[in-house]
Every structure is written in structure tokens, then in C-alpha cells.
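Chain IDs A, B, C and D follow the sequence of writing; residue 1 opens each chain.
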Amino acid sequence: MSGSTFGKYFQITTWGESHGKALGVVVDGCPAGLVLSEADIQQHLNRRKPGQNRFSTPRKEDDSVEILSGIFEGKTTGTPISLIVFNKTQRSSDYSEIAGYYRPGHADYTFDAKYGFRDYRGGGRSSGRETIGRVAAGAIAIKLLESLGLSFTTYTRSIGPVVCPSDSFDRAQIEENPLHMPDAACAAKASEYLEQCKKSGDSAGGVIECIVEHMIPGLGDPVFEKLSANLAKAMFSIGAVKSFELGDGIAVSKAQGTTNNDAFGLDSCGNIIKKTNHSGGTLGGISDGSDLLLRVGIKPTPSIISTQDTVTRDGQEIQVRIKGRHDPVIVPRAIPVVESMAALTIVDALFANMHAKMSSLETFYKR
Amino acid sequence: MSGSTFGKYFQITTWGESHGKALGVVVDGCPAGLVLSEADIQQHLNRRKPGQNRFSTPRKEDDSVEILSGIFEGKTTGTPISLIVFNKTQRSSDYSEIAGYYRPGHADYTFDAKYGFRDYRGGGRSSGRETIGRVAAGAIAIKLLESLGLSFTTYTRSIGPVVCPSDSFDRAQIEENPLHMPDAACAAKASEYLEQCKKSGDSAGGVIECIVEHMIPGLGDPVFEKLSANLAKAMFSIGAVKSFELGDGIAVSKAQGTTNNDAFGLDSCGNIIKKTNHSGGTLGGISDGSDLLLRVGIKPTPSIISTQDTVTRDGQEIQVRIKGRHDPVIVPRAIPVVESMAALTIVDALFANMHAKMSSLETFYKR
Amino acid sequence: MSGSTFGKYFQITTWGESHGKALGVVVDGCPAGLVLSEADIQQHLNRRKPGQNRFSTPRKEDDSVEILSGIFEGKTTGTPISLIVFNKTQRSSDYSEIAGYYRPGHADYTFDAKYGFRDYRGGGRSSGRETIGRVAAGAIAIKLLESLGLSFTTYTRSIGPVVCPSDSFDRAQIEENPLHMPDAACAAKASEYLEQCKKSGDSAGGVIECIVEHMIPGLGDPVFEKLSANLAKAMFSIGAVKSFELGDGIAVSKAQGTTNNDAFGLDSCGNIIKKTNHSGGTLGGISDGSDLLLRVGIKPTPSIISTQDTVTRDGQEIQVRIKGRHDPVIVPRAIPVVESMAALTIVDALFANMHAKMSSLETFYKR
Amino acid sequence: MSGSTFGKYFQITTWGESHGKALGVVVDGCPAGLVLSEADIQQHLNRRKPGQNRFSTPRKEDDSVEILSGIFEGKTTGTPISLIVFNKTQRSSDYSEIAGYYRPGHADYTFDAKYGFRDYRGGGRSSGRETIGRVAAGAIAIKLLESLGLSFTTYTRSIGPVVCPSDSFDRAQIEENPLHMPDAACAAKASEYLEQCKKSGDSAGGVIECIVEHMIPGLGDPVFEKLSANLAKAMFSIGAVKSFELGDGIAVSKAQGTTNNDAFGLDSCGNIIKKTNHSGGTLGGISDGSDLLLRVGIKPTPSIISTQDTVTRDGQEIQVRIKGRHDPVIVPRAIPVVESMAALTIVDALFANMHAKMSSLETFYKR
């Protein structure tokens, strides 16, 4: 098992290595009749494309997606959608040196421990390029959910110590600055911080937030298949994620019941709503109709040019300086990955919920 | 789907409601030949038993487990192990009032949204009593892992604002104080804080940490089935969990690569080790041989006696005071649940890893 | 893995051994709102009860089922339904002898090969009593499907060489004779044949047919999850089954396209129908709206009192005469098992089909 | 769900339509370290290539496989192996006519019933070309199993009424005649029969047998995941299969226990063996060390040029003559598909069996 399949009903299988011929994904379980073109997918892939700002790797890539199956006359047919992105440049020469030792903070050592050897070129399967398949599949999930009225907003909450104040949220700013922060001043400060990291051969982490509006209540199951639990898995399946929070998250451990409980009330149409949303959109693991609000903490890029201690494959202690041009931060490029994984998780819960009630079955299959 | 099955290879299915006849779990996939008795399981169930300290609910329970299948002559046979705990007291009268409205912070509203109605007695399936099945199954997973040399330590890191200092860790203290904190002075302070909560009709959250020592490297798969991702799901499947961290967790978002990367070195026997463990025991989602270190944030108990705003099932705004004796904190009782879910996740990864290499297959099946 | 879970959406997990304390099943994924009582389940368990006719084992059993969870105020709640049947008599003394050798035709040898040892009492987990869980769960699936208009007819087509002529089908006869054949004369002949088997210390096999009427078209997926493929697995998961056929089955290998193809036409209401049903109700693995027609071949009961060659666990060749009172045929008792497995398979396909089309999702989730 | 994934541990996902850009498969879970080249896979694809004999479709195809991922320096890396075969010729013009009506014996009607519309070009996803992915993946499974000592022999047992006598089995003949029968005279007769079918615009079915020698005992689980049950599903997932038998198969229903039971004995080395193999290699669903022997019945090709009754998509009764050059039989081409599905099923059981015993775990993970 390399565990490259995600989802139970809307099921995606990603494949490909950083320096292989191609990378891709097979999406199985997409309903028939969704209008879908390569452009729908390409726009999301472009969001994760490097070279969008000066803090992302200057390596020239051109990840253009091709649909190989599952579409007929512009619509999904219900059969597997195979998506492929060919690797344009496969220079392996840069990587010959790292074949012999374990880069700190990377999966080199654990791959050898598990499989006995590894494709060391560009991180192989553990490269960030693996997320191409996730984002391509996520684009379909997002389109499907948007057609049902849901909407996604994902942005950078913090870079290193520079945190956007929670009372300053300018949605329009998110696409205006290359760090995708909802606050221009904060983005400027973060930008300066990254400049310093770069100069000192260091890297930075950060926090991404994702908000899903117009959620449908009732999604997720009450025990192990909680919507929240599957979101946690989805987020922690992204390489550099080290923390996951829902709603108030880590802060609730210090809160009290009287303030943390979200009171119920009625909106102007008489619909039941929560007056606050400390819970982040689920109760008992099931969506409660409020916005879904999640947050992931991302570690600093492990690829740094500073000297580091490590060992060789044959057990010698050495010091290394890893060459190459590295992103000092991956947070902005991880935004579409976070959004994709959220969408994939929600679609799965959406399908599972359709047979929760006998009355639904009776309506659906009445003859 | 109510999603009551966890695990792919070592698979558990829990069942039962707070006020039903019984609760239980079926454990399918336990290898044959593990010595197992009811006492092995009961000792872990006792850890989650209420009434162990004055901050847990005084409701008298006696959760004694019975093994119904899967054991022959004191050993597991490889077939499903069915475990049952009968509910001794099933008084439903206390709950008639809450049938008509939605308790804030509980799953009442979302159950109705999903299923159309709910078993409102004691929270039904969303009761903390559902975790009986998890802990009973977890006891088997823990015993299996301990027989292979792994060991588990799980304790309370904080209660409300009272946080144990990270430089004070007295392992012996954990079982000495009813809050299971590794620092006596801190436990005393937390105890005072809870006393205040109780007086003011309020409740508290907290943080639980779990350390797994003597880990086997190579567990977990590199993409969606990362050990870390499955731990995240496992933890977020526990009712009141709102955050999950691995290793340095949320702090890494503010760290830099030079300090966050764990350098590799050699121990005195010449084995490869990480010199630090910021990563919390995984790299690329695969166990790296260091201790696994995880942390969950738990929300304040939603059951409080203070007056709260809510709505009735038929859409009237009301104010409620929920009667009954409630825990001001569930953190200490959730400790064995966290430990169980960690063990169940690791066992699954342990099995999956056995066919990662052709050389393993050749050794195993050589004739 | 002992592989005791069946189904992906409507998921059952059976547990228990022939001579354990109890046997049972957990049904997870039943929609909320199905009216369900113990009597609904008991009536199906009674169909598999021994002692109904003189060819089934005279061992007195009283398999009464108890519902332990998942029902509230007479209706399913959407949470797991745990069903239990306690073993009334657990005499193990009869079985001490067979502990030491491998009974021909039984799973004794393969259990030892797989697990290293076995619960030898009454066949342990490989006993026919394992099917109690299947029939109890199947009763729920059947009730659910009947509420949507489907209906099941399952009967004995042949016993040993005595085959009911295909042009003689008297539905009322099925419950009239203890062998459940749709032809009284044939049943009488089969009865005579079994009498001879019994006298000569031998046993007989037979064929069971199951017809599902008023099928919904569109169930099953086109590749690996064909309805037909899942029915094949379901049937072959029953202990003594050695062949499975759909529609004309084995006969199609000798047929020609001109006669085997089912022409399409219109019924009196103008609905599209197949004019014949050689296919047995699926095309390309998906239900076509015709009756589902399947057939399983069951081997002669391996427990016979005649002398047989075998070996002991420690590798000695011996001759054995297996004591005890054995059914000369299990076919009539397997009927409700076949019907249950068919129903469980169909329910699963029914749920999966609900998200096959975008238009279904739009109708379901429109706001 | 289109259910395009097979296997739980060694998991394959096929994709692609008859007239799309390409077809392929992703193989996830292959152990690291298997030597694998495109030639290993191509040789099996060539077995299913049309044009090998005059009874298969003369349409010129050139299915050459490309490995896109998962191999490094000639060996599998443990990560997903993506295999692709581009469709050389995608002429859709031939198929415009059949877009409007339902071909008898094909999946046209059921696809429309399920998905609302269909890719009608060449059968779309239900085309025999879907099996390209199965055979490509199967080639890997076969190579893996052969490296552990197992061997596969698959051949045509019968074509229409022409059945090879069971006492005439000339293994060398199988690759000598284009129908792959183990008896030259029989092959000649079958060839004549097909000539007649062709002349009369008709088609024929047949029976394929697969023998797996040097099986490992203990594979398969005792309840729902029986090796036999998964083989049944695997075989019935192949388009035209209408019957599945294991060992004596359908004949056991007429047999008696005294002759059907396989006695145990010792071979010349003192190993336990079955003296006969009526069971076909499993007992209680678990492999017993004897050869696995299975048999599938295949229906006559539904594509025939004779006039047939059918209906149009808009509900008009019509008569059709389906143009094009059709195979009068698909049996010989289905042989590698049957073999592939058998191998994929066995590999999965092989992996699952590795954690059946505590003693295996202890040996594997001892430190």
C-alpha cells in the first residue's frame, strides 16, 4: 500500500513522482452530467504554479492538464476521469548528490526504512508535485459543490510570526497580494520577513485558513466518519501540515462552556441558526449549517541552504549544504491543496448522507 | 452509514447508545495467538470510569466487560472478538425534557438534521458512553503493541488556563493525581480552577498529550494514508476534540527551518537517530523511529447548568437550564480514549507495512 | 483480518462461534426511520432453524434474537443495530475427539494452516451457525427492500440428482414441503433420495434458486462493482457453495447470440422491457429492470458417518468415523442465507446508485 | 461510483473508454523491489490483442503500454505504478447509428438507466477494451506470484457445444492453436463450429478454465473474504461471464459426501496433502495447498449481424442489423483477463495473510 487513494464514494487515486514522465489522478465516482472542461481544472492548477511571486521557486514549470477519459460531449459520464500532467523537464543531475544521504526534515530516511530504497530525484513521490493530482481532482469537487451553492475561501492567516489580525479581513485583498493574505499591511510585513529568511538561508512556516460558506446541515456521520475527523485526515495528509484546528481550535482548551457553547436562535426567516460559531460548523462531527472554518499549521520548508548535520545511507555522520533554489515558504502554494482536500472531503460526506433516512429512499425510488 | 467502523486491517465496529440495553464493540482482524482475558480489557475500561475523582460525574456505573467470541483456551483465534458491556441503569425519565429542544454544544440539532429524529436519552449514540467500545478494543491493540515492545504514556497537559510547564514532567505523578497531570503543583492549581468552574455552573476544557515510545520506523504510507493523517482522524473522531498537533504542532508555523529540522546522527550503537524530535515521530507521514508525540485540545463540557438560549424542535426560541449533575471537565476521562485511538491507528499501520517490500514477502513465503 | 464485514454502505459485521457464549451481527448504515421489531428478524431466523423437517439435524436449538441497539420508539435511528442470539447449549464434550485430526471437507486443516490452531468445537467460526448473523441482518435488508416494492422468492431447485422440472413451478408449494421445492412430486422424490443417503451414511447437495421481482433498473456499477459480481461474492461467501450462475448461467456457454440476446420491446404501458430474460436481470453488470434470477450449487454435507481417510495434526494417517447426528443435506436450511445475502447485496447497490447523476444531487440538495 | 477499483491491499484502478484518448490503470500497493519493465506487461497485453486468429476481430490495434510512474532503476518503488495505452484509432463515425437505440445483450440500456446518457462510441466504458487495464495490472500480479513459485495455466475448455474431454489435456497444445484449447482435435472441431456461426451471422460462447499450481495454504479469510468468494467476484466482474465454478463446481450438487469429500493423506516427504481435489483448492474459503481450479462460463458475443428487435431511446420499437465486423467468440481473448483477475485476487489474499498470526508479527518486527 502506498495509500494513494482518498475518499470512499468520490474516490481519487493520485500517482507520479517529481521527476517521472508524468503525474496524474483518476477520479472515480463523479456523478454523470457535470459540465467539465480542461479549463475548469487548469485554473486551479495555476493557483499552485510556482513563479507566481518572488518567494516561490523560480523553476520554470508548465503544468498543463489533459483529460484522458470520463467526459463525453462536455459532460462527465459517471465513469473514471483520468487527468494527466506531463513533466516537461526531468533533469535528474541536480539530485545525484542527495542520493547518498538523508536530508533533515524530508522523507528520505523513512522511505528507505519502509521500502529499502527510494527514487531520490526531487523527493520522488514525497515531492510537492504529488499535490498536482489532488488539486486537479479538487477542482472537480469544488465545481460540483459550487453548483449546489457552497463556496470556498482559502487564504494565508500567518507567515512565521506575522499573523493577520482576526478583526481585519478584506476578502478582496486575498488575490491582490502574492502571499494571499486578507490584509495588505500584514502581507507587506510577511513579505519583509520572508526576505530576511531568504537572506539568512532559512525558511518559514505559516497558517492557512479555509472557510466554506452555505454549508448543508447533516453531512458527516456521528462516530468515526465525522466530517471533522475526515477533514483532519485530509489536512494531515498534506506533506508539511503539523496542526489542525476546527472553529476556535486550540483556544477552546482554555475556554469555558458558557462562552464556548453556541446558542441556537432563529434568523429573520425563522430558520434555526447558531448565534455564534465557536464550533467551526460541526456539532457531534456533523455539519450544523454554519460556515465550516478550519485552520492548518504548516512547517517551515525543510529545504534550506544552511549547513546541517545528517548521516549517509551507509551510516556516516556528515555535514551538508543542500544546493538548489528553494522556496523560503510553501504556504501560498499550499492554499489550493488545502481547499481541494476540504472539497473532496465534503463531496464524500454529501454522497454518504443521501441514504441516511428511509424517507429519502422512498422519495428517490418511488415508482 | 453511521460510520461506526474504524481501521482497515485491525477493524473495530462499536455500537450502542447511552441508555440502550448494552454497548459493545466487535474487533475483527486481531491476529491469532494473543493471550487475552477480560481482565486485560477491564483495566482500561476502569480508567474511563466516572467517579474516580470529585470532578467527574457521581453517577454510579459499573462497566464490566464480557468477551462473547474470538477467544479459545485463553488466546485469540483470529476470528472476531465481540465485547459487551451491559447498561446497568437505564432510567430515561431524566431526559424527557430535553427531547423537545436542542442543547447548545451537543449533537441534538445535527442528529435531527441528518436522521429526522433522535434517541434523546443521555445523548444516545453521541454520548461519551460510546467510547466504551473504543477503549475495550484499544486495550487489545495496546496489549498487542506492548508485546512488540512499544509503550504508551498519556496524560493531561492542561486544564483550562492551567498548563503544566513543559520542563516539569514527573511520570510517576500521572497516576497519583485524579487529573492525571505529570506535575503535582499544577494538578493542585487545576483542581482549584475546576472547583471554581463548578461553583459558577461552568465547565472547562484542556489538552491531552500521548507519547508512544520504542516506535518501529517505516509505519504509515506516504500519501493519504500517512500515519500522521490517520492519527489526526482518530483523534478528531473523539467527540470533544477541536485541535490536533503532532510534535511541535501549532508552534512550527512560527518556527524557521534551521531550528525546526531535526538533524540526523548516530546513537552509541551506531544506529541512525534524530538528534531532536520537533517532528513528533514522523517524516513524510511515515514513522521515523523517534517517539510519537501527539496532542489534542478538548472543548469545555457543553452540559452546564447556567441558563442558555436555544430553540425547540418546532422552532420556538427559549431559555433553558439543563438539570443533572455534569462533569465540569471530561479531560481526565478522555485519556484512555486518546490512548486507545492512537494504539488502534498504529496497529493498522503495523499490518499494512508487512507487505511494503518484495524481500519481506520472499522471506515470509519462502518454501 | 477474518473478513467478517460485508457491504460498503449497508455494512454488516458478524461474530461468534458455534460453541461460544453467543453469536450476533452489527448492522451499520441502515437508514433512520425503518419500523423494526425483534419479530421481523425472528421470522427469518426461524426459517433457518433446524428441526423443521426430518432431514435436518435433530439438535434442539432455540435461536431467539435480541435487539441491543439502534432502535428507538420502534424505528431504526440510523445508528448501528446490534443483534444477539445466545447459545443455549454449549456442550463441548462431543468435540474433543475431532480436535486431533482434520475432518475431510471441513475447514479444520485450513484454519490450522492460517492461524496455527483452531476452536474445534462444532466447527468454531466455520460452523453453519455463523449464518445466524447473516440471516438476522438480511431480515432488515429484506424488510427495507420490500418497503420499496421488491419481492424475494427462494427455493430448492434440486437435491442430489432430483431436479424440479423448469416448467413446473408452483409457488404455493414452496412453503408446503420441508425441502422447499416448488413441485410436490419432485419434493417427494427428493425426500426418498435423502432417506437413502441417510441409511447409507451419506449426504447430498443441491441447487437453490432466488428470484427478485420488481427490481429497480440502474443498480450496480459497470466495472468491478457490478451487481452480478457482488452477488457472486455474496453467494460464494456461503460455506458450501461451489457454483454460481446468473440467468441462463452455465447454459449460455453452449448458446448462440441470436437466441441468448434478450430483445427489447415495450409493455402495454409503453415502458421499455426485455422480451426474454436469459441475462437474469443485469446487462453490463447493472440491473436492467427484469427479475434478478440467480442459482447456487451446494456441496453435499461433509459431515458423514462413513469411514474416511485423514491425517492427525501431528501428521499420522488414520481412518475416522465422525460421530454425531448430521444433516444429510443443508440445502433447505441454506435458503434464507441465500436470500439474505442477495438482499444485502442489493441494498448496498441501491444506496450507491443515489449519487450516480448530478440531477439526483441537485434534486436532493436543492434549497 | 463507477467501481473502477479492485483489491484492498494490492489495489488497481482502471480507467478509459473504447474511443477515448487512452486507457490505463493505476496499481497501488505493489511492494518495492520487484524488477519490472514494459516488456513484462506487454507480453500479457499481446495475449489479448485481436487479430491473432481468424475468429477475432480484424480491426488493427496496436496496444503498446507505457509505464508512467512507480519504477526507479528497473524496480518498483512501492508507489503507484501508472500504466497507459494510447488509443491509436478513434474513429467515432461507425457508432453514430447506435447512439439512438439499445443493442440487445449490451449495456446501452442500463447505462442510460443509471447515468441518464452514455458514451456510445464502441461501447464506451463497457467495451472489452476496458480489460486492457486489468491485463496490464494482472501482468504485475502474475510476475510477483511467479517469483514466489506459483504458476498459472489458463485455457479454453469449450466453445459452444464443443467441449474438450477432461481426460485429454495436452498443455503444449494450448499455445499451439488460436483457440487455446488443450486438445488439437477439439480445437479443430471448435474452429469448424465458429466458421458456421460466422456464416450464419451468429456468435458462440464457451468455458475458460484456470489452474494455479504450487498454491500457498492459508490464503483467504473464513467468512466474507473467502478466497473463493473474491475469485467469484473477480470473475463475474468480467463483462460476459454468466457462471463461476470452483473445483467440481456445478457437479457437486448431484454428488454425495462420500465421493465429494477429499481425503487427507501424506506425500512422500510426509507433508499433508489432499488425495483428490474435488474442492478446487479451498476449504472453508481458505486455500488448502492443492491446485486452485476455477471455471467461468462466457456468453455468446452479443454483437451479431442478424436482425434483432429492440427499442429506440425515445421509446419506438424497431428492428436493427448491427453493422461492423464482430468476433463470433470472445473466449480466446478473455483468457488473459481471467488469469489476471485470478492473480490480482490471490496477491490480495497473500498480503492479508501476513498478519494472521501473532507469531508472524513477532518474527517480522523482532528487534
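As a working rule, a contact is a pair of C-beta atoms (placed from the backbone, for glycine too) under 8 Å apart; a residue touches a chain by one contact, two chains touch by 3 or more.
A quick note: this is a predicted structure, and the numbers were derived from the prediction, not measured.
Trainee: Count of steps on the shortest touching-chain route from chain A to chain D?
Mentor: Tracing touching chains, the least step count from chain A to chain D comes to 1.
Trainee: I need the common contact partners of chain A and chain C, sorted by label.
Mentor: B, D
Trainee: Can you check which chain pair, B-D or A-B, has more C-beta pairs in contact?
Mentor: Comparing B-D with A-B, the pair joined by more C-beta contacts is A-B.
Trainee: Need the CA-centroid distance for the pair chain B / chain C, whole Å please.
Mentor: Result: the chain centres lie 38 Å from each other.
Trainee: Using mean CA coordinates as chain centres, what's the chain A-chain B distance in Å?
Mentor: Computed value for the inter-centroid distance: 26 Å.
Trainee: Starting from the mean Cα coordinates of chain B and chain D, work out the distance between those two points in Å.
Mentor: Computed value for the inter-centroid distance: 45 Å.
Trainee: Which chain B residues reach two or more other chains?
Mentor: Residues 1-5, 9, 14, 29, 32-33, 78-79, 114-116, 125, 222, 352, 355-357, 359.
Trainee: Over in the complex, which chain A residues touch chain D? Could you list them?
Mentor: On the chain A side, the touching residues are 1-5, 9, 11, 13-17, 20-24, 26, 28-29, 32-33, 66, 68-70, 72, 75, 77-82, 84, 114-119, 124-125.
Trainee: If we count contacts the way the header does, which residues on chain B are in touch with chain D in the complex?
Mentor: That would be residues 8-9, 29, 31-34, 76, 78-79, 144, 147-149, 216, 222, 350-352, 354-362, 364-365, 367 of chain B.
Trainee: Spell out the residues on chain D that touch chain C in their complex, using ranges where they run on.
Mentor: Answer in residue numbers: 1-6, 14, 102, 104-111, 113-116, 125-126, 130, 158, 160-161, 197, 201-207, 217-218, 221-226, 228-237, 239, 242-250, 252-258, 260-266, 270, 272, 275, 279-280, 282-289, 297-304, 306, 308-311, 315, 317, 352-353, 355-357, 359.
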